[in-house]
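Given below, in the form of C-alpha cells, are the structures.
You will see two complexes here that share chain A, one where it goes with chain B and one where it goes with chain C.
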Partner chain A sequence: MAKLKRTFTYGFLSVVSLASIFPFLWMIVSATNKSVDVTKGKLLPGGYLVENFRKLVDSIDLWHAMWNSAKISIITTVLALLVGSLAGYGFEIYRTKAKDAVFTILLMSMMIPFAALMVPLYQMFATISRNFSVIGVNTLPAVILPTFTTAFLIFFFRQSAKMFPKDLLEAGRIDGLSEIGLFFRVFMPTMKTTYSAAGIITFMSSWNSYLWPLIVLQSPEKKTIPLLISNLGSSYSPDYGIIMLAVVISTIPTALVFFFMQKHFVAGMTGSVK
Partner chain B sequence: MKVAKPGISIPHRGSRTKLTGWWFVIIAVVMIAAFYFYPMIQALLLSFKTGKGANLHYTGLDNYKRLFSDKTFLTAVKNTFIYLIIQVPIMIILGMFISVLLNDRNLKFKGFFRTAIFLPCVTSLVAYSIIFKYLFGTDGLVNLGLTKLHIIAEPINWITDPFWAKVTIIIAITWRWTGYNMIFYLSSLQNIDNSIYEAARIDGASAFRQFFTITIPLLKPIILFTSITSTIGTLQLFDEIVNITKGGPGQSTMSISQYIYNLSFKYSPDFGYAATVSYSIVIMIIILSFVQFKVAGDK
Partner chain C sequence: MIDFVSRQTLTSRSTAIVHKYRNKKRGWTRMKKVLAILLASSLVLAACSSKSDNGTEGSNGNDTASKETKEVTVWAWDPNFNIAALNLAKEAYAAKNPDVKINIEENAQADIVQKLNTGLNSGTTKGLPNIVLIEDYRAQSFLQAYPDAFYDLSSIIKASDFADYKIGPTSFDGKQYGVPFDSGVTGLYVRTDYLEQAGYKAADLQNIDWNKLIDIGKAIKEKTGKDLLTQDPNDLGLIRMMIQSAGSWYTKEDGTTPNLANNAELKAAAETYKTLMEANIVKVTSDWSQFVGAFNSGDVAAVPTGNWITASVKAEATQSGKWAIVPFPSLPGAAKATHASNLGGSSWYVLNTDGKEAAADFLKQTFASDVDLYQKLNKQIGAIGTLKAAATGDAYQAADDYFNGQKIATDFAAWTEQIPRVNYGMHTYAIEDLLAVEMQNYLGGKALDKALADAESQAETQIK
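Now for the complex of A and B:
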C-alpha cells in the first residue's frame, strides 16, 4: 500500500513536471530548427539557430524592443519598491486610526479591474498630450506612471514591517538618525529578502505587461517585447523557427531574474503570506 | 499640513509621529487616488454618456439598458463564466493536490518538482499564448502526437472549433497559473505543525480524512485568497484570448475585457458604452468576492 502510494506520488509529480516543462523544451528546440521541421513535429535540436537568429535580427528590431522593455521595467521596479515600501512602512510604524482608514481604502483599489480603468486612463493621457507631450500618449512616463504604485506592494511591505524588530528603530533613534534616515539606513538593509521578492514580482509583471502598453504606445519604435512578440505571432505565414527564437530571447530576462533570486523569492513569499 | 513649531527642543512624540507618518505614505496615496480612484469615477460618469470619439453627451441609463440586448456582450459574459466555473476549480484543486504531495518530508527531488511546476510563471502571457497557439494548431504538435498514439483518428480543430477553442484556452490558463497558486498553498502547508498530523495518525485518521479535516480548514484563508485573485484575473482575461484565438472563431472565445478593448480602440471608439461594459465587470467582481467571503467565512 505504502509502495503504491509512493509510486503514485512520483508518477503524478513527474507527469505534471513534464507537462510544465515540455512547452519550454519545445520552444527552445524549435528555435534551432527550420520552420518546415517544426511543422513536421521534430523534437530534436537542429543546426538552424544561427540562421534563425540572423533572419530574426534582419527582419525585426528586436534589440530596440528589448531596450524599451528594459527601460520601462527597471524604472517601474525601482519606483514601485521605493514608493510601496515607504508607504507600507509608514502605515505600520506610524500607525494611527486615520492612517488605518486610508490603508483600507487603498486596499480597495486591488479590486478595481484594469478593464474599468483603461478607457479613462487613455483619455487622461490623451488630454495631457495636448499640453505636455513629454508625458502624454506614446511616451515612457505614460506607461510607467499609472502602473508603479500598487496596493498589493503596500500591503506586502506593511506585512513585512509588522515582523520587523522595532528595537532596531529605537536604537537608531538613540544614535541620532532622523525618521527618514531610520527607513533608509535601518529598515531597507534589514529587509533585503522582502525587497528581492517584491522586486522579482514587479519586474516580471512589468516586463510581461501587454494591455496598457498596447493601448498607450502606438508608434512602432516605442513597442515593447510583448507587443512585438504578439505581432510576430499573428502573422499569416509564420516562420516558426524565428518566432520561437524571439519568444526564447524575450523570456531570458525574466527567467534569469527568477533563477538568480529564487531563494529570496520563496523566503520573501513565505515570510509575508502567513 | 501643520509644521512643528521651531524652538521646542523635545517635540511631542505623539503629534510628531502622526505628521511624519503621513510623509511616508503621501506619494502612494496620491498615485493611487490619481490612477485608480479618479479614473474609476471618470468611468462611472462616462458610463452614462453616449457618442463617438470625444463628442459625448449624457443619456442616463441608456447604456445600461443596451447591455441586456447586446448579443456580443452577453456572449462575452457567457464565455467568461464558462472559463471561471470550469478553470478556477480545476486549477485550485490541482494546485492543492500537488502542494500536498510536495509537502511530504521524505520526498526526493522536491526542489526539481517545485521549480518545474512553477516554471510556467516565468513566461509572459503573450509568450506562452503564442507557444500554445502553435502547439494546438490543427497541424500542430498536440494533434500530431495524439494521432500517432492512436488516441484520436482525426486532428482536432483546437483553435478553430468553438467548443475546442474554449478547451484550449482553459488548458492554457491552467498550465500557466497552477504552479503560481501551488506556491501559496505550499508555503502555508509548511507553516502547519506536523504534530497535528501525527496526532491524527495515532487516532487512526486516514490520509483522506486528514486532508479534509486538517489541511483544508487550515488552508481556508489562502484558498479564499487564491480563489478571489483567480476570479478577478479570469474576469479580466485578455492577453491569452487575443493571442491564441483572437476571440474567435466568431465570438466563441471572446472575453469581456477584449470586448471593452474592441469597443474603445478597434471599432469606431464608443468610450461611453465601453465604460458601461467595464462597470459590469466591477459589479461582478464585487458580487463574486462577496459570495466567496460568505462561503468561506462561517466564522
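Now for the complex of A and C:
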C-alpha cells in the first residue's frame, strides 16, 4: 500500500516537474533549430546551434550588452543589499513612535505601479541632465539610482531581522561595539542566508529589468540584454532560432547565480517565514 | 518549529562570531576586507562606466552636434526590413552628401512607441531621434496628441507622389507630417497544389468574394484535409483588412468617434468572419509563431495578409513553386467593395528638434523621391514602396520563381494604388481590444447588433 502511494506520488511529481521544466527544455532545443523548424514545433535538437550562434553574434553585439547588464546588476545588487538591510535592521531594532507609520507608508509605495512613476521620473532625470550630465538620462547612475531601494527588500530584511536574537546585540554592546559595528560585525555575518536570498532576487530582477532601462538608456551601445532580445523579436519575419539562443545565453548568468547560492536561498526563504 | 530551529542556528553562529571578536577581532578584519572589496569593485565599475559615458556623450547627436558635420539619428525596427532599407538610403544619401552623418538605431516597435510616449509626455525631446518610424495605425495618436512635436513636411514633399491611402494616416490638420514608406498592401497567398487537388486553379480566385473563398475552402478541406487559413481570436487583422477593402474603419471621419454599431461594412465583415469560423476550415492559432508555422509546415491552403509576409513564406524553400498570390477577396454585401486592402505598413516622421532641416533633407532625397533606391529596396529586401513612381522601375517588373514566375511586385504595386483611403484615427488598437471580446460573444451566440452596440458604448466611455 505504502509502495503504491509512493509510486503515485513520484509519478505525479514527475509529471508536474516535466510540465514546469518543459518551456525551459523547449527553449534550449529550439536554440539548436532553424527558425522554420521552431515555428513548426520541432521537439528534437537540431544541428543549427553553431549557425544560429554565428548569426546571433553577427546581428547584435551580445557580449557588450552582457557587460552592460552585468555592470548594472552587480552595482544594483551590492547597493540594494546594503541599503535594504540597513533599513530593515533599523526598522526592527530601533524604537520610535513613528516607526510603524513610516513602515506602512513604505509598504504602500509597493502598490504604485512603475508605469505611473515613469513619466515624472524621466522628467526628473532629463532636468538633472541639463546641469549634471553624469547622472542624467542615458547614464549608468540613471538606471541604478531609482531601482536599488525597494520597499520589498526593506520588508524582507525587516522580517528576517525579527528572528535575529537581540541578546547578541546586547552582548556586543557590552563588549564595546558601536551601533554601526553591531550591524556590520554581528548582524551581517549572522544573516548570510537572508543576504544570499535577497541577493538572488535583486540580481534576477535587475538583470531582467526592462521598462526603466528602455526609457532611460538611449544610445545603442548602452543597451542591456533584455532590450536587445526585444529588438530581435520585433522583426516582420523573426528568426526564432536566434531569439531562443539569445534567451538561453541571457539566462546563463542568472542560472549560475541561482545555483551557486541555491542552498542559502532555500534556507533564507524558509527562515523568513514567521 | 522552523522558527525555533533557525533561531538556534542563528544564535550559535552569532555567538561564535562574538567569541571570535572577543578573542582576536579576526571576524571584523575579514568582514572589513569583504566590504572593502565589494565597495571598491562597485566604485571601479561605476568609474569605468562614467568614463565611457563622457566618451560617448557626443555621439548621441542632436544636443551636441558640431557645426562641421551634421548628424541625423533615426529610429526604426526590424533589421531585415526597415533597418536594411535605412542602410540602403544612407548609402545613397552619403554619395551625394558626405558631410551629413546618419546614425541608424534599432529599437523594437513597441519600444519606440514607449520611448516616444514617455519622452513627448514629459515634455523633453532629449535623447529622442531626429527621424522616427511609426506604424500607420498609431500615427494619428502621436500627431494629434503632440502636434508641435513633429515637423511639418508639407513644403518638402508632395503628397500626390504617394499612394493615396497613405496620406490619411500621415497627415493631420491639412499638413503633411510623414513620408509614406512601405505598403502593407494585402494579397491572398494560396497553395496552388492544394487548389488543384480540390479542382481549382489560381486563376479561379482572381476576383472572388469571401463567400466564394469559403466554398473553395470547404472543397479543399474535403479533398486534402487541410484548413483554409489560420485565425488568432485576439487579432482582428482580418476584420481590419475586410473593412478597409470596403472603405470603412472603426472610427468616423474625425478619427475619434467610434463607428461600430451602425457600421454596415463592419457588420458585413463580422458576419463573414462568423461564417468563416463556423465552416470548420480555420486553424486557430494563439500567436505569431504558430501563424507562421502553420503555412511553413503546409497546414493551411491560404494566407490573407500584408505583402511583408513574403519573406516568411519563402523561408520554407521546399514549397517553392507551390504558391501564388491573388487579389484580396472582396467583402460580400458591402456597397464599395474592392479587392485591395492594407495591413500594417509605416511611415517616417521628423521630430521638431534641432537638426530637423537636415533630417527632412535626408528623407526628401531618399524615401520621398529616389526611384532607384526603391528598386534596390525591392530587389534586396522585398519591400513594396508607396512612392508611385517607384512602380515604373525595373525591379517591379521582375518575375519571382518561388511564386511560379508571377510578377508579384507589379501586382502589389498595382493593388497599392487601389487601396481605399480611410482615416485610421487615434484608437485603432484600443477599440480592437474591445471588439475582439465582443466578436467572441457574437461567435458564441450573442446578437450581432447587440455585440457591436456594446463594443461601441464601451469604446465611448474609454476613449472620451
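The rule is short, and it goes like this: the second predicted complex is superposed on the first by the 255 of 274 C-alpha atoms of A that agree within 3 Å, B and C clash if a C-alpha of one lies under 4 Å from a C-alpha of the other, contacts with A are read in each partner's own complex, and residues count from 1 in each chain.
The rule is simple: a residue touches a chain if its C-beta (ideal position, glycine included) is under 8 Å from a C-beta of that chain, and two chains touch if they have at least 3 such contacts.
Since this is a predicted model, take the numbers as computed values, not measurements.
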Next item on the list: After aligning the two structures on chain A, examine chain B and chain C and state clash or fit.
Entry: clash
Note to self: Just checking: does A:26 make contact with chain B only, chain C only, both, or neither of them? Give me first, second, both or neither.
What the structure shows: first
Check: Between chain B (first) and chain C (second), which does A:47 come into contact with in this model arrangement: first, second, both, or neither?
Finding: neither
Margin query: Looking at A:215, would you say it contacts chain B, chain C, both, or neither? Reply first, second, both or neither.
Written below: both
Check: Taking the superposition as given, does A:137 touch the first partner, chain B, the second, chain C, both, or neither?
Finding: second
Notebook entry, point to check: Given the touch rule stated above, what does A:96 touch, chain B (first), chain C (second), both, or neither?
Noted result: first
Item checked: First (chain B), second (chain C), both or neither touched by A:254 -> first
Next item on the list: Please indicate which partner A:149 is in contact with in the superposed arrangement: first for chain B, second for chain C, both, or neither.
Entry: first
Check: Once the shared chain is lined up, is A:17 touching chain B (first), chain C (second), both, or neither of them?
Finding: first
Note to self: Of the candidate stretches 42-50, 78-86, 114-122 or 150-158, which in chain B collides with chain C after aligning the structures?
What the structure shows: 150-158
Next item on the list: Could you pull out which residues of chain A sit against chain B in one structure and against chain C in the other?
Entry: 38-39, 41, 118-120, 122-123, 211, 215, 230, 233-234, 238, 240, 270, 273-274
Next item on the list: Flag every residue of chain C that touches chain A in the complex, lowest number first.
Entry: 2-3, 6-7, 10-11, 13-15, 17-18, 21-22, 27-28, 31, 35, 38-39, 41-42, 45-46, 48-50, 53, 56-57, 59-60, 77-81, 105-111, 114-115, 118-119, 121-124, 126-127, 288-290, 292-293, 296-297, 308-309, 311-312, 315-316
Notebook entry, point to check: chain A touches which residues of chain B in the complex?
Noted result: 17-18, 20-25, 27-29, 31-32, 35-40, 42-43, 46, 98, 101-102, 104, 107, 112-113, 115-117, 119-135, 139, 141, 144-145, 175, 179, 183-184, 187-188, 190-191, 222, 232, 235-236, 238-239, 242-243, 246, 256-257, 260-261, 264-265, 271, 274-275, 278-279, 281-282, 285-286, 289
Check: Given the complex with chain C, which residues does chain A contribute to the contact?
Finding: 35-36, 38-41, 59, 71, 74-75, 78-79, 118-120, 122-123, 126-127, 129, 133-134, 137-141, 163-165, 167-168, 171-172, 175, 177, 181, 184-186, 188-191, 211, 214-215, 218-222, 227, 230-231, 233-238, 240, 267, 270-271, 273-274
Next item on the list: State the interface residues of chain A toward chain B in the complex, per the touch definition above.
Entry: 9, 12-13, 16-17, 19-21, 23-24, 26-27, 38-39, 41, 83-84, 86-87, 89-91, 93-96, 99, 102, 106, 109, 111-124, 145-149, 151, 154, 179-180, 183, 204, 207-208, 210-211, 215, 225-226, 229-230, 232-234, 238, 240, 243-244, 247, 250-251, 254-255, 258, 262, 266, 269-270, 273-274
